[in-house]
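Before I ask anything, let me first share the structure, which is written out below as structure tokens.
Note that the chains take the letters A, B, C and D in the order they are written out, and that residue 1 is the start of every chain.
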Amino acid sequence: MSATRPPAPELQVQRWFNAAVPVTLQGLRGKVVVLHAFQMLCPGCVAHSIPQARKMHELAKGSDLVTLGLHTVFEHHTAMTPVSLEAFLHEYQIKFPVGVDQPGDGHPIPKTMAAYGMRGTPTTVVIDREGRVAQHSFGAADDLALGLFLGQLLKA
Amino acid sequence: MSATRPPAPELQVQRWFNAAVPVTLQGLRGKVVVLHAFQMLCPGCVAHSIPQARKMHELAKGSDLVTLGLHTVFEHHTAMTPVSLEAFLHEYQIKFPVGVDQPGDGHPIPKTMAAYGMRGTPTTVVIDREGRVAQHSFGAADDLALGLFLGQLLKA
Amino acid sequence: MSATRPPAPELQVQRWFNAAVPVTLQGLRGKVVVLHAFQMLCPGCVAHSIPQARKMHELAKGSDLVTLGLHTVFEHHTAMTPVSLEAFLHEYQIKFPVGVDQPGDGHPIPKTMAAYGMRGTPTTVVIDREGRVAQHSFGAADDLALGLFLGQLLKA
Amino acid sequence: MSATRPPAPELQVQRWFNAAVPVTLQGLRGKVVVLHAFQMLCPGCVAHSIPQARKMHELAKGSDLVTLGLHTVFEHHTAMTPVSLEAFLHEYQIKFPVGVDQPGDGHPIPKTMAAYGMRGTPTTVVIDREGRVAQHSFGAADDLALGLFLGQLLKA
């Protein structure tokens, strides 16, 4: 079944927070990666997916499950600069790596967001150990359903 | 690691709801079973573990994950009879099998509850494919953590 | 405006809990009364209106605002007897007076529920200082809206 | 009792959103005013007090109750500029007037925040019809308690 999973495009990130060196999917090959795409002023992200990602990061410590954030600003660009994001990460106590998606060349959708064909925020992308997209969902993901999916993927 | 898991005592049930024939752990060997022990008048059960079990039952359809309820009445016995439980199951739209734990002989703790050493309600017991207790937790179980655990057990 | 408020029918109660003597609306004339009609196995009541009534009772201590419960069983009668209700009140830590609505003569709707024309549970009825129905709402009542209404009624 | 209420200091605002002309407490004399002091990156404000203020604004339409927001930035100043606030107000669908508190002269606490002696965000200040502080609370205010207080104040 996994043969039909498309390869996950490499991240195109302008700047990382909470990471000593830039994070790449290539470097995470062999791990299961959950990519949480969000915008700091997106109400659904703040209410649901940010707390979910934070909990996932805590639960996954010491395991092969890696939690990444991706700040995919596609609207209100001047309102959600890296300076504002940095304060947001501090206030919301986000400790996992968060990358700022590369701005698009001449259009509002940033590059990684475009490469994945994301429809908005929040979007959750699960990448398997072989670097393929195992799940791509737009909107709030249910904790129990996501946990079941990730648990099975970890043991697949 | 699973070698250290204790065998799960067989269920001692007075009456089943939502089951055409009595359910036994023996008969479920080969499946992963989640046993939700609750009391219909336990606020933490009603607010958290009943909705969790209901969602789990929906998510697990067609998989090897089986959701069971166990009504382990250890207080207010006359208030939580099978007649009241039946109405409760209807009102809370519970579709998975629910067993009424056998009353204790001369003491308030019912038999299955005692055999498992449960400390109260809600209690969640996860039983692996070999019929051993893989997890036993008292109190509200977190959706994401439980999902991750169950997902891994399904693929173990 | 209050001239158009209909008089509140007197309560017809079989048995009171949390009250040394039977409670009557006549005896509460001069107070603002909030009557919370519920069934112990009604999910919306348990999740929303019971906690709201409990909080209201706490907030209103020492004021002219009186919180009353009314157990208006109109379905599953054998499942929600006073014996079961007593355990429910204990488990949900309900300290305000709760009356058991008088069973209907030959039909399932109990007498006070019928006299008020309640459509189901939860129903919240606000009775003004003159014993008239100031508000009658079916379903979950919003805390802020209810508070604003009651506050104004207290000072009217 | 109201004789002991201190006068509410006039608002010192750098810029208003959702207001055609600057709002002053002087101009609102005769109304009951609820002043919601917040920061757009304060998690407790976003989760609780912003939704509460939005609901209050809806409920109070056509009444003498006025809902005002005050953006009292006392930390992460470069992250919460008016440009970012404007996008926040749009995303969180805030329609009531929001003022940006005047920056402090040489210290991080803005001027209105200092004049009221606010301890942080969220802070809710209720101002009576005579322009006096009737309630000042730090942290999340309970909907029912706040509603009861405001309702009584409206009719006092």
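Heads up, the rule we're going with is that a residue touches a chain if its C-beta (ideal position, glycine included) is under 8 Å from a C-beta of that chain, and two chains touch if they have at least 3 such contacts.
As the structure is a computational prediction, the values presented were derived from the model and not from experiment.
Chemist: Among all the other chains, which ones are in touch with both chain A and chain B?
Modeler: Correct list: empty, since no chain touches both.
Chemist: Farthest chain from chain D, going by mean C-alpha coordinates, please.
Modeler: If we average the C-alpha coordinates per chain, B ends up farthest from chain D.
Chemist: Give, as an integer number of Å, the spacing between the C-alpha centres of chain C and chain B.
Modeler: The answer is 35 Å.
Chemist: With chain centres defined as C-alpha means, what is the inter-centre distance between chain A and chain C in Å?
Modeler: Chain A and chain C have C-alpha centres separated by 49 Å.
Chemist: Taking each residue of chain A in turn, which ones touch at least two of the other chains?
Modeler: None at all.
Chemist: So with touch defined the way it is at the top, what topology do the chains form here? Options are line, ring, star, complete, other.
Modeler: The chain contacts form a single closed ring, each chain touching exactly two others.
Chemist: Chain C touches which residues of chain B in the complex?
Modeler: That would be residues 40-43, 46-47, 75-76, 78-80, 83-84, 86-88, 90-92 of chain B.
Chemist: Within the complex, which stretch of chain A touches chain B?
Modeler: 52, 55-56, 59-60, 65, 142-156
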